[in-house]
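You will see two complexes here that share subunit A, one where it goes with subunit B and one where it goes with subunit C.
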Partner chain A sequence: MNAIGFAWRSMVRQPARAALGILGVAAVGALLFDMLLLSRGLIVSMQDLLDRGGWDVRVSMGELPGSGLRIPDAVETAEAISTLPSVQAALVMRSATAQIDRASGEPLRASFQGVTTRSSDPAGSRLRAPWTILRGRDAEAPDEVVIDEKIASESRLEPGSEITMRASCNADVEALPATRLKVVGVAEFPFQITNESTTGGTLDALRAACGGNAGTEADLILVTSTSDADSTAAAIRTLRPEVRAATNTEVVGRLQQTGFTYFRQISSVLTTVTVSFAVLLITVLLTVSVNQRLGEIAALRALGFSRMRVVKDVLSESALIVGIGGLLSLPLGLLLASGLDRILKGMPGIPVALHFFVFETQALAVHIGLLVATAIIAALYPMRIVSTLPIAATLRDEVIG
Partner chain B sequence: MRPRPLVRALAVLGIWLVPILASAQDTKPADVLVSRQLAESEGLTVGNVIRLSTDGAGTHAREFRIAGIYEPTPDPSRLGQVPRAVRLHLPDLLEMTRPADVPAGAEYVSSVNVALTDPRDADQFARDVNARLPGVLALPSGEAAGSAGPFRVLERFHLAIAVVTIIAATVFLLALTIMLVDERRETVGVLRLIGLPVRRILTQILIEGLLVASVGAVFGLILAVLSEQLINYFFQWRYDTALVFVRITRDVALTCVTIAVPLGASATVVASWALLRRGGLRLARR
Partner chain C sequence: MKSVPGPQSSVSGGPTEGSVVDAQNVSRVFSMPAGPVTAVRDVTLHIRNGDHIAVRGPSGCGKSTLLHMLGCVEPQTSGTLLFDGQDVSQLSDARRSLLRLKQIGFVFQRFFLLPMLTARENVELPMSEAGVAKHARQKRAIELLEYVGLAARADHRPSQLSGGEMQRVAIARALANNPRLLLADEPTGELDEATGAQIAALLDRVNQSGTALVIVTHDAALADRAGRVLMMRDGQIESERVR
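Let's turn to the complex of A and B:
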């Protein structure tokens, strides 16, 4: 019988002990797996979110898009950027806060995203809006808007309905006249914040909703390049040194240096604590188990089992406990990750489509590596006990005891 | 309403800063405060004269004298952002940021902080302001502190992690106690054979479990207090902030002890119970 088979029989002989050991490893392993998913989850998810829109360079005034600083003469800037040979399309985006009147109750607070819909060339093709139409069609006229599912369900609106909106382009305290807008579609906004509502339309619609108070500024210019995004961003920086042009990877890199680091750090701390916890407990389990079977091990040695063989038996037992527990930890970890993700997405200012826990093959590989290391390290001390076990003295003690 | 004399410059990103020699000035520049982080990164000291402008080109730059360097109030919502900030007197800030077509006194301010004679009137005062001044939103300080939101979520997240850790620890604890109890099978068998009732042995095991769990809980608390400082030092260094990340309060310590001690004692009793159901002879038999 090989070492694994022998270790399996040892475990089966003590089913309660083995089952509890495996369950413990599964619980700790699930936590460890989740921490590994968390360490890069936000970065991977944000990169995916940015790439999904098809815009590979973001032009803004601040260090990061959405910093509050606005690009002056945005349409002219976008037109200038569009003339660059590496630029396929440039879309101007401006946000405003808005209130949508309801038949009864408080007005609904929402944000209004206004975008340019056509490229600078009058005959140019229509630019793709940074949202996905779910029902109806995209807004094209200055009196048309698209709304998100939340507004549609809360206010019972569908394509063809009309809304009364009071938008504010400069400050929350502006008191503006109401504007009637036609809902032409229901859309999904990739960066929509949890518990917030979003509407979208053309830049002209936003200007109309703001009572002509929008000025010529914009929050962001989204650029699609024909070739390499890095060189396009560099070309934009050369053309307009006053603006910040960043590729999606650069945006993620900047986020990584600021808000995202907390989760990375906390994940590192918890990974270390979890692995140490697992090593300590499996070591204690195996050591106590080996100590209880010293007589049995000495008898096996006397019957001809080599030192290496009994060491392999202990290592195999550790590998079986950690291996089976580790396998169970994967579905458990994914289940736990979805629950933890739901908790963390309750944080204000987090886009609905962003996830804190994202599965990556790299995370799985690290998880397996850490579990293998845990199995080996945890078995070191009990392996030393069995390898240095004096056969005759142990057998005599067993008989006398 | 009494506006604060100093207003935090909301974004210093657009404000460019160039230190120049104080001696070059004919008129005394207005005073500003500079955050410690900005002072350290730019090598600024009290008495330096700096030029501030609202754009990168430095147009209409104005000179200010650094009257002091301040430690920014730790802001949880800005964790990870080094606060490179300058505090100006409100009239100076408005003078710099006012658009050409806006007359003096017609500028916007983002918020006005109000100190009430009786803080208990905050809710009523906010309601009155909201009713009398349409377009203005007044909130009591407690509700205005929206930045606490992320930390409530983090609290729930850490609680969930703690629950999973406790479950894992309980499972391991059960496995260990089963093994330890099994090791004492013969002793328990002898005690049964000399006439000690199951209840008496269980009480003894319970007391022993309580003692071991209490010592373990105290050791855990000592470890937590030591790691508290370590974690705080690390994160305060990492984020250059005075925020406290881990704090072992009396309530936290009591909660830990309340969970750990009964859990440890119960695990011992549960593991022993299966053993004690067997007969004394069977237990004592080798």
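Let's turn to the complex of A and C:
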């Protein structure tokens, strides 16, 4: 009987203790797995959001896109950028606050994103806006708009419906003009905030809705490179030193240095705590198990079992408990992550499409690595007990006992 | 008379001539908080193939310590202990384990059968550790259980066996790798008189098959079956009676 078979029989001998150990590891392992998913979840999710649509460089006036500072003469800047050899297209994006009149009740508050594309490449001109059409088609004319699912369901609007919108491109303009717009599609907006509504259309549509108060400014210019994004960003910074051009990876890097770092730190602390709990739990269980079997172990040693063999038996028992518990921890962890993700996404200002817990093969590999380390570290003390067990003295003590 | 089944066949050959253990002036001193305690003092003992030795004496006289030294689980503090001509003190822990596995069998007062294994699996254990192929060790385990009269109980766990049956399984386990020396520490200590007599008869049969046998016992009837009876007192062999 090999060490694993022997360890299995030892576990089955004490089913309640084995079950306790396995369930303990499953629970702690699930938490550990979640912490690993959380440690990079926001980064991976944000990178995924930024990469959607194929825009790989973001041009803004502030350190990070969405800082509130606007790019002056944005269309002219986008045109200049689009002439760079490494640029396929540049998309100007301007946001406005808006109210959509409803037949009954309060007007629906929403944001209106107006976009226009500039490209010296015919293929670039066909690049779609940074939202995904779910039904209908994209807005192309100044009197067309796409809406999100929330507006569609709450206001019972579908492609073909008409809405009356009052948009404000400047906070100080209070008398909002009414504009009649035709809904041509329902879209998913990647950075839409939970519980907020978003509409989208052309920049001309936004200007019209704002009653000509939009000016020449824009919040953001999205750029698609034909080659390396880093060199494109560098070329834009050379062309227009007054703006900030960052690749998606650089944007994520900046976010990591600011807000995201808290989640990483929390996850590191909780990972350490959960691993420590797992080590302590298994160490205690194995130590109790070994101490109850000292006579048997001494007898096996007297019968010729080597020191290495009895050590392997303990290590195998640890590996079995952690292995089975670890397997259970994966579905349990994913289930827990899904619930926690829903809770965290309820925080204000979090984009709907952003996730705190994201599955990655790397996280799974680290999880497995940590569990293997847990099995080994937890077995160290009981392994020491059996490896240094004085055979004769133990046999004597067992008889006296 | 039925012989102990050999590793390859169910019948073993007769005893071979030669010394199994040669202990010269061995002593064992334990360091205790109150000062050193000499458990075994200057014992010289030769055990040859087929010897049947009983060690008697009052409690605490060093019988079990001597047995453990002969079984290479307790190192001597001084003196020389040769097993089959090899100086045991020069062997690494791994080599001593191998020596015990292949050449020495132990029978304990408390049996120490593994409760989660069946009788057959308990007997198979030392063979498994020695690397005997599964089929061969299963066959030999059944042969040994037949030898001790427990073939019908092969698939029973220790909790389903009586004390005498457990000790018989323990003897079968001790014989698994066909040892040259069988050491028994109070093998009838936990058994009633009738069951003890059955175990004594079984040990006689093992010895008559050629395995050297050393029994530590308080049981005079068990000791009287031995060819040599050593009386110990204060860690020393006080007398030796040869039958």
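Assume the second predicted complex is superposed on the first by the 388 of 401 C-alpha atoms of A that agree within 3 Å, B and C clash if a C-alpha of one lies under 4 Å from a C-alpha of the other, contacts with A are read in each partner's own complex, and residues count from 1 in each chain.
Rule of thumb we're sticking to: contacts are C-beta pairs under 8 Å (C-beta built on N, C-alpha and C of every residue); 3 or more make two chains touch, one makes a residue touch a chain.
Computed from a predicted structure; not experimentally measured.
Enquirer: Please tell me, clash or fit, for subunit B and subunit C sharing subunit A in the overlay.
Expert: Aligned through their shared chain, the two binders fit side by side on subunit A.
Enquirer: Could you look at A:S306 and tell me whether it touches subunit B, subunit C, both or neither (first, second, both, neither)?
Expert: Touch partner of A:S306: subunit C, not subunit B.
Enquirer: Under the superposition described above, what is the C-alpha centre angle at subunit A formed with subunit B and subunit C, rounded in steps of 10 degrees?
Expert: If I round to tens, I get 90 degrees.
Enquirer: Is it subunit B or subunit C that touches the larger share of residues in subunit A?
Expert: Of subunit B and subunit C, B contacts more residues of subunit A.
Enquirer: If you stack the two complexes on chain A, which partner ends up touching A:L344: first (subunit B), second (subunit C), both, or neither?
Expert: A:L344: touches subunit B, not subunit C.
Enquirer: Of the partners subunit B and subunit C, which touch A:A365 in the superposed model: first, second, both, neither?
Expert: neither
Enquirer: Please work out whether A:Q265 is in contact with subunit B alone, subunit C alone, both, or neither, and reply first, second, both or neither.
Expert: Touch partner of A:Q265: subunit B, not subunit C.
Enquirer: Per the contact definition in the header, classify A:L335: touching subunit B only (first), subunit C only (second), both, or neither.
Expert: Neither partner.
Enquirer: If you stack the two complexes on chain A, which partner ends up touching A:L134: first (subunit B), second (subunit C), both, or neither?
Expert: neither
Enquirer: Given the touch rule stated above, what does A:A373 touch, subunit B (first), subunit C (second), both, or neither?
Expert: Neither subunit B nor subunit C is touched by A:A373.
Enquirer: So, A:A27: does it touch subunit B (first), subunit C (second), both, or neither?
Expert: first
Enquirer: Can you give the closest approach of subunit B to subunit C, taken over C-alpha atoms and in whole Å, for the superposition?
Expert: Minimum C-alpha separation, subunit B to subunit C: 10 Å.
Enquirer: Which residues form the common part of the subunit A surface touched by subunit B and by subunit C?
Expert: none
Enquirer: Using the touch definition up top, name the residues of subunit A that touch subunit B in the complex.
Expert: Contacts found on subunit A: 16-17, 20-21, 23-24, 27-28, 30-31, 61-63, 67-69, 170-175, 242, 257-262, 265, 269-270, 277, 281, 284-285, 288-289, 291-292, 336, 339-340, 343-344, 346-349.
Enquirer: Residue numbers of subunit A touching subunit C in their complex, please.
Expert: 1-2, 9-10, 12-13, 295-296, 298-309, 391-392, 395-396, 398-399
Enquirer: In their complex, what parts of subunit B are in touch with subunit A?
Expert: On the subunit B side, the touching residues are 10-11, 13-14, 55-57, 79-81, 108, 134-137, 146, 149-150, 153-154, 156-157, 160-161, 164-165, 167-169, 171-172, 174-176, 178-180, 182-183, 231, 235, 238-239.
Enquirer: For the complex, which residues does subunit C have touching subunit A?
Expert: Subunit C reaches subunit A through residues 64-65, 68, 71, 73-74, 93-94, 97-102, 104-106, 108-110, 112, 114-117, 121, 124-126, 128-130, 173-174, 177, 185-186.
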